[in-house]
Structure formats: C-alpha cells, structure tokens
Amino acid sequence: MEPIIKFDKVTKRYGDLTVLDRLDLDVAPNEKVSIIGPSGSGKTTVLRLLMTLEKIDGGVIHVDNEPMTHMPSPGGTLVAANEAYLRRVRGKIGMVFQHFNLFPHMTALGNCAEAPIRVLGLSKDEATGRAAELLEMVGLADKINHYPSQLSGGQQQRVAIARSLAMRPKIMLFDEVTSALDPEVIGEVLEVIRSLATEHNLTMLMVTHQIGFAREFSDRICFFSDGRIAEQGAPCEILDNPRNERTQQFLRAVLHAT
Amino acid sequence: MEPIIKFDKVTKRYGDLTVLDRLDLDVAPNEKVSIIGPSGSGKTTVLRLLMTLEKIDGGVIHVDNEPMTHMPSPGGTLVAANEAYLRRVRGKIGMVFQHFNLFPHMTALGNCAEAPIRVLGLSKDEATGRAAELLEMVGLADKINHYPSQLSGGQQQRVAIARSLAMRPKIMLFDEVTSALDPEVIGEVLEVIRSLATEHNLTMLMVTHQIGFAREFSDRICFFSDGRIAEQGAPCEILDNPRNERTQQFLRAVLHAT
Amino acid sequence: QSLKEKYRNEGVVVGLAGYAPYGYKLIDGTFTGEQVEVVKHVLGKMGINKISYKVMSFGALIPGMVAGRLNMAAAGIYIRPKRCKAVLFSQPTFGQGAAYVVKKGNPKNLHNFKDIAKTEGAILAVLAGGTEYTLAKKDGVPEEKLMQISDKAAGIGAVLAGRADGFALSALAIADIARTAGDLIGVESSGGITEIAGETYQGHGAIAFSKGQTEADLKAAMIFRDEFTAILKGYLAAGGGYAEMAGRWGFTSAERPSKTMKELCGSGL
Amino acid sequence: MTFEWDYLMEVLPLIAQASLVTIEATLGGFALAAVLGLLLAVLRSLRFAPVRVAVSVFIEAVRSTPLLIQLFALYYILPGIGIIIPAMACGILALGVHYSCYCAEVYRAGLDNVPRGQWEAATSLNFTTYDTFTRIVLPQAVPPVVPALGNYLITMFKETPILLTISIIEMMSRALIIGKDTFRYTEPVTVVGVLFLLFSLTSAWGVRRFGAWLTGRWG
Amino acid sequence: MTFEWDYLMEVLPLIAQASLVTIEATLGGFALAAVLGLLLAVLRSLRFAPVRVAVSVFIEAVRSTPLLIQLFALYYILPGIGIIIPAMACGILALGVHYSCYCAEVYRAGLDNVPRGQWEAATSLNFTTYDTFTRIVLPQAVPPVVPALGNYLITMFKETPILLTISIIEMMSRALIIGKDTFRYTEPVTVVGVLFLLFSLTSAWGVRRFGAWLTGRWG
C-alpha cells in the first residue's frame, strides 16, 4: 500500500543547528507509530513539519500522495506552496499538543465547534451537535460548558483531542500529550487514545515517553537520535532487544528512573 | 528520640478551602519520608508551611524543638513570630522546588555562593570555594560558570540542590523535583538525592510521584488525601498492601499509566 | 462677488487672542473689547452682521489668517513691516507705549525700562518673543534681567511670588490689570513708557485681514480692507464715537495713533 | 487671597460647558486611537516585511514629533495645499493618530503575551489569518491591556488644553481665559483640577469595569 | 510660502543652543523619575499596608493633576511660603516627580513579571527583604522594562516646552519665539521637528542598547 506520510530526505535547520538530517520516514494508512528518543533529537520537529508549523530546508514531504510545502505547477514541476494549497493539505492532519493549547476564552464546546464553523463552514447547530458528541466520546458530556480554566489537566487534554477530531483529519499527531499531566490523570487520556486507535481508521503518529503505552499502542516504534531514526521496528524488537547502543542507553535511563 | 519536625493539629485554609485539616506529622532526625497522594491533597502545602512560605491558620509546628511561626515570649507564652525569629528557624531548612527557581542572572556558582555570602556572612572566597565543591559533588564541576539558561533541566535541578545544601540545612524538602524534567535526565537527579540520603546526616521530606524511587529511598511513606494522612508506614506496607481504599485507587491509576 | 457680499451671505470669522482690552469673551458668552467693538461697528455699517469669533493663542492668529482659517483678527496686533508681508492691516486704531505691573507700593521704585537696568537685582518678566522683550533690550536692559515666560498667568505669578519685580505688557493691558484687579491681588502699574532709547515709541494696533491664497483673493481683500478703513476713519474722527467706546477700557487721547498704516508698513500693502 | 464660593458658582457653568469640548475631543480622539492603534499593531505583527517596516517607521515618526507640531501642520499647513479640515476634526484626528502609535505599542505587548501555542493551535485547526486574529488572538490579547489603554485615555484628557493652538477652547483654556479676565485664577483652576480628577477617576473606574467585563466571562 | 535654506541656517544655531536646555531638563528629570519611580514601586510592593496606601494615593494624585499646575505651584506658589527653588531645578523636580509616578507603574509591571518562585527561592535561602530586592528581584525586574522607561524619556523630551511657564526657554519655545518675531514658523518648527526626531531616535537606540547590555549577560 502507498504510504500516507512520506518523508523524503527531509532536512530542517535552526541557524547552524541541523535538527533533522535527511530524514526518511514512511507511514502507512491506519498505521500507529510511536516516536521515542532523547530530548532534542528532533521528535517534536517531525510533527511540527507535518503540521506546517515550520518550513523545511530540504527534501519533500508527501501526505496522501500530495507534496506539501511544494505544489505541482501547471508545467509539472514543484513550486513553493501558497497559503491556499497549504490549507488544503493541512486539513487532513490534526495535532494534539503537550500543553493542550485550548482557547481559554471559549468553553469546551466552543473550542470544539469554532473551527468546524469557521473553516469547514458547518452550520452552528451542526457543529455544536458534533462537538457535543465528540466531547461525550472523550467522557466529558457533563463538562461541555466549562471553560478550560475550570477543567483539570486530563480533562483539558481530552477536550484538545476532541477539538482535533472535530476537523475529521485522516492523520492525528500527538506530541507528549501526557507529560504535562498529574500522574493520576494520565490514565484517562491514554484510555481515550487507546479507544481512538482501535475504533477509528486513523493514522496516528505519537511522540511519547510512556514506554509501556508505546509498546501496547503502536504497530511500530521509531527511536530518534540526533535528527535521524537510529533504529525502528515492532515494539518488542525495539524495547526488548535494542541493537543500537544509544537506544539501549536511553531505555536504561528511562526505565531506571521510575 | 525527639522528632525534629512536629506538626501538631496544623490547619491551613485558602479562603473557604481547608487544605490541611488538623494534621499531625512527626519526623525523626535523619529520617527520610516520602509524601505521595493525589493532586490537591496538600502535599506541597506541608513543605511550604515548613519553609514559612505560607502562614498557618491553626496548630503549631515545631522544628528542632522550637516552635516556628510562634515564638516564646519572656513570660513563657507563645506570641506571633517576628521576622528575625523566623529567619533563625528558617536557617535550618532547605527546599528544592519543582521548577528549580534558579536565579537566571547568576551562574551556577553565583547561585550557590550568593546566599552564603549575604546570609551566612561568608567571605567571597570561602563561599565560592564551597559552592564549587558542592557543584562538583552533584557532578557539575565543568558547568560552574554556566547560566541556568545554558543548562539542561536535570543540570539546573542539580544546581538547585547544591544551592540549598550550601546553606547547611538540617532538613531538606523536595517538592516533585523530577516532574518538570525530561525522562532521560530524571535518573541523574535521583542519583544525587540517593547519595545525599546515604552520605549525609540530613532529615529529608520528599513529595514525589516516582513510586519506585520512593520505595527504595524512604524510611516511611505518607499517603495524603484531602489534607490528612490517610495511611502511612514502611514503603512495602503502603505500596504492596495498601489498606485504605483511596490509596489503592491512587496506586492503581499511577502504576497503570506508565 | 466681492468679499463684502460674500461675508454678508456667509458671515465672517474674526480671530481674537482673548485678552482685555482688545477682544475677549464675557462671562455671559458675548464678545467685547476695543477691537471687537471697532469690528462690530464698521462691519455693521457695511451690512455684515454674521460675525463669529474664534479665540486662539496670539501666536496662532497670523498663521490662522495665512492659512485662510480666519478672515480677520481683532486682537490689537501691532503693525510692523514683517507682519505686513503676511497680512493686510487697516488704519491703526490706537498707538500706545509699554508699562509693567509691580507689587503694590512699588517697593523698588521702578518706573521704566531704564530703572530695571539701573536697579541692582531687578528682574522684569516679559512674554516670550513679545514686543516688550525687544523694547526692554533696546532700552538697555541686559538679557539676564529679563525673564521670558509663557503667558499672563505666569507673569503675574512671577510678580506675586517675587520671582520678578515687574511684568511688562502694552500700556493698555497693564492699565486694564491695574484697574480691574490691582487692589484684589496687590499690584499697580509702573506708569507708561513711551520713550525707548531716546526715541518716542508707540505700538500701533490695527485690525488685520487675511490675504487669501491667490492674486485674485489679494485684490478682493485689499478692496475690502480699503472700504473698511474708509468707514473706520469716520469712526475714529472726533465725534465719530470711537473715543467714548474705547474710553470704557481706559483709552485716552494719549493713545491716539501718530502714524498711518502706510508709514508703519513701509513697503507693505 | 481668599477662596470665593460665589465667584466659583459664577464660573462653574462656563467651565462645565467647556468640559463638554474636553470630553468630545478626548473620547473622539481615544476612539480613533484605540481602533487605529489596533490596526497598526496587527499590521506590524504580520509576516509581510514591507508593511511591517512601513508601519514601524510611521509609528516611530509620529511618536518622535510633538503633538503640537502635528496639530500645527494639520491645521495651518494642510490648507496651503488645499485641504481644510474643521478645527474639532483636526483636533480629534491629531490626538487620535498621535496616541494610536502609543496604543499600538500597548496592543503589541498584548499580542506578544498570547502564547505561541495559541497561534499554533489555530494553524493546526486551519483557521485563516483573519479568523485567527478575530476569533482567537485578539480576544486574548486585548482584555489584559485595557487598563494600559485607559492610562492613555487619562493622558489624552490632560493633553486637550493644547487644542487652544487650533482655536478649540476646552475647560483648562476656558479657566485660564476667565482667570485672565478677572485675575483670579484660584477658583477656575480649582474647578478644572477637580473636574480633571473626577474624569480621571471615572474613566479609570469605567476602564477597570470594562476590562473586568471583557475577561470576567472566562477568567 | 517657500522653504528658505538661508533663513534655516540663520535660526539653526539659536535653536541648537536652546536644545541643550531641552536635553538638560529631560535627562535630569528622567534620572530623577527613574530613581524615584523605582523607590515608589518597591515601597508599594511591600506588605506594610500604610506605606502601600500612602504611595498609591501619592501616585494617583500626581498622575491626575496636569504637570502645568504642578510646575506653577512649585515655581510661583512655594515662594509664598518661603521656599525658592531656581527655575531649572523646579523644572527637573516637577518633570521628575510627575513622571516618577508613570515610571513606578512600569517598574510595577516589571516586578509583577518576576516569577513568584524567585521570591520563594530567596525566602527559602533566608535572604533579607533588602537583599531579595537588590540581588534577586530588581536585576530581573528592571532590564525587561527598560524599553518602556525609554518611552517616557521620549515623552519627557516632548513635554519640555511646558517649561516656558517657569521661564525656561528650550528649543520649541525658542522656535516659536523666532517665529513670532518673523512670522515664518515653517523653518524653525521644521528644525525643531527634525531635532526631536533625532533625539528620540538616538535615545531609543541608546535605551535599546542599554537594555540589551543589561540582559545580554545572562539572556
């Protein structure tokens, strides 16, 4: 099957610092991929490039067989993408952030209905109805009129997930979505992601430090180190028999710390 | 042996919210106590009261057999403590914060030498010498001239520990000192605390969610719930055979999430 | 259409500086003053009755006429060659010397600019860039004895506070202060000064007119001004009514103009 | 010199009337400054470099020149090239444009304080730039800076006497003119001082209420 | 009306000389405002209620009264009770005190932006209140607000013409005096406008450099 995400020799630099170094990465439709690795290895950057929050410095990213950040010109060659093209490609992707980034001036329902109304052009009634359904799905039926400041961290993160889903993306990106949460509420967020993974046809890309969850959730784990994939494979392969030395060292440090 | 810390029916309120409810807690000299419990149960508040960052609303806290926040008047009764008295009691206690709270405008060395110079009245040379020793002890001999912004989270937290130790406290308080850290560097901070616990005569009080570390490190674990100690005892007792229902539920959620 | 007809139809805008005795607003909201009464009288004779007054800072009057914001100014502007290049003037309605207020009883016995120059430590307040500044210097008052300030309030404040020994303005303005408020605030006039550096000095005040923007405007303005002046001459003549009117503000025969507009303007219009 | 209440009662209606001019000029100027300032701040925050530079230069130039000079130019120099604007309009325009540059700085601080994450969330939900500003960013950027804008409202109140330059007589000028007529400044200036205090306190209160109302709904 | 370069060259030296007065008054006033403002802000941030209230009332009162009235009182009313201060000292004092209240607000924002954790760390290390301020809090609170203080420096530049009330002739008054004399305002006012621009840009640049220098060492 054609990959739905395809990184082709993608390079990303910040000034002198090369954060991604000719990265190749394919993700198949409906595949669940976890990205693990030390701090600064470029994990977040991969997600941010897909979400077009950053520009790439080299290579091409294809999403759903369309190049993003470059678009085909009438002559067939690739030219830099304009805003309209970017917005079309971007519509296929949803992202959940480490710090939720909910809109503090809107209720949970407002957070989930605003983009469908403004961007997808849904009627207010339809958007609100769907938003309420999604909030129920993430277990927040009784909190739809609460503002983010009135919700716990776990609840906020679940609203953020519902908000992304309301845009009906094909691909969902999760960036350390539990690392800003109290330990006791981490479980409720992972539960929602777990049920998403089994019940929907979504391609999922997840940066995480929850090794246990990554093992259970993913079809594949990629270990990042210095802007490249140092090692990848099925969870049991990577976690139980890492061949790469850096992977071994990382897993030792992380598992030791609990 | 006389307890070095003694909470006697201590009550703390924020407005209508009673955060600590007639709390009793004794800590013996040189004892290592871990405090665990759900968010909002008052764990941080216990440490903040000891550090005199908050005022208490009822009860007495004794530290080293001296009442704090109240001082004995010439007539023998207790009156509200003045600043000079508080500063003397406070000198026995050091605290390490979740977000390090290093002084961003001073180097690692400056962070560790400033208080000894200003507060203990040490000469600049002596303070710097001791600060360098302590930084070496926490494994940062090569970073003494770095500013906090040039250090990783784990390194910053180790500087914060050295900074507290430079004031030669009898009691050290740790408030979730690893929860703002990248997983890979949590280990290095715990390592420092572990060695402190074994090599120095320090009373230690630690709020943590690292259940594994709490088990290995502590003489006693207190489980907090709603501003009271719901259950306490040796680590194996509390962690392996919790009797209190709330403890069981908490441990299930936290251990499940990894 | 002549200016006269235009003003008859559309009205005329007259600028004032808000100072007694020339042109100012009364507490009941009407305008009066020697210059305002002149304008009312002459324009009335010309059949122009729609007069609106605009009070602004003195320094803004000539720019206001140059910019076409004002048609005329009735503020006792002295005729000087440089000003004649910017605006047109009627015949002067008065010619006056200078004076200054001093504290009641005139403790330092000061009466003219030369006294200021002579007396040890005497300080004279003048309006910044005002005529009196120039006159005082001409009459030998050194720069360091002159205190330039922004407005009348500051000038009187300076005298009352002892920051200055005198505050100079035109003779008529000083007479007005002494007459209306002298006892109340404790000041009196130094007496008129009409001799500066050995020459007789009189400041000749007149109604000023905007020249407009174009040559055609200028011609129309000159025709209007000349007609205005013709009527004004009758008013100023003995028995014409001016003397009685101006007397209300303390104008006397001593303030009768001694020169004509042409003499004062030099090469101007 | 004693304080005469009769005299005060006599001048009070005149000054009260002139205070309407003060209020008109201030509120008019402030409304313009608040709107134009927001526009400038938003334009400057865009990525399009020519606009950003042009706006910065404009702000810098306006802020660096005294209001007096700007008023003078608007009222006395513009007619020279055939543009004649009535005095009050000139006053409101000059005050408004001048202070819009200060307001733009205030709004900028507000915009800077909206966390980057909010922009990124908006992008990830595919909002247009316009929607991102109107629905997400401005509702968060503006309420916190309302008090700072209020400070400029008060500053503008106190700046209005300068309008005498262009023949607008507001309450302070009125008081000084009355004082000039009678050489009794104490009473009229006291009245004006009290009115200034009253206005300032009222608007400070109003601004606080408005700010609280704006944020109160989601604090 | 054309622009005459000869005339401009004639007035330039006069105005340049007066600009020294502008600079003296502004820099003197600003130095006072910066220091006194810091003091006010620190006093107001203390827990001791009477001081806090007294400072707040003082700030409110000074900010609500026009500078003109304050200048007038200092220069013309104080001698009535035997206090005679030279004009320039009055000017610097009035400007300094007036703007110190604005600067206090700016410093307050700076103080508010120092995270609570910094205060708590200082307390936990047993610093005295004095050391906490001088060693920990102010070094973090002041550098970020230097640009905002710089804005007041520029505002003060533009405010100096008001000093004519107390017989101080700075460049703007000088230009208007020249204009009154000759009825050609365009050239002198243009010169002053350009000088204002120059000063403002120079001080904005200086302030930015200073701010960068203050923070640069530990960014």
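Each chain gets a letter, A, B, C, D and E, in the order it is written, and its residues are counted from 1.
Throughout what follows, a residue touches a chain if its C-beta (ideal position, glycine included) is under 8 Å from a C-beta of that chain, and two chains touch if they have at least 3 such contacts.
Because the structure is predicted, anything quoted here is derived from the model rather than measured.
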Those chains which touch chain D and also touch chain A: none
Number of steps on the shortest touching-chain route linking chain A and chain C: 2
Chain centre separation (chain A, chain B; CA means) in Å: 37
Inter-chain centre distance, chain D versus chain E - centres from mean C-alpha coordinates, in Å: 20
Centroid distance [mean C-alpha coordinates] between chain E and chain B, Å: 46
Centre-of-Cα separation between chain C and chain B, whole angstrom: 82
Chain B: positions in contact with at least two other chains: none
Contacts with two or more other chains, residues of chain E listed in rising order: 1, 185
Multi-partner residues of chain C (at least 2 other chains): 63, 66, 151, 153
Listing of all chain pairs that touch each other, if any do: A-B, A-D, B-E, C-D, C-E, D-E
Interfacial residue positions of chain E with respect to chain B in the complex: 115, 117-118, 120-121, 123-128, 131, 135-136, 139-140, 217-219
Residue ranges of chain D touching chain C (in the complex, touch as defined): 1, 10-11, 14, 72, 75-77, 79-80, 84, 87, 164-167, 169, 176-185
Residue ranges of chain B in contact with chain E within the complex: 51-53, 87, 90-91, 93-95, 97, 99, 101-106, 114-115, 118-119, 147, 149, 163-164, 167
Contact set on chain B toward chain A in their complex: 38-39, 152, 178, 182-187, 190, 209-213, 250, 253-254, 256-258
Residues on chain D engaged by chain E in the complex (per definition of touch): 60-61, 63-69, 72, 76-77, 80, 102, 105, 151, 154, 158, 161, 172, 189, 193, 196-197, 200-201
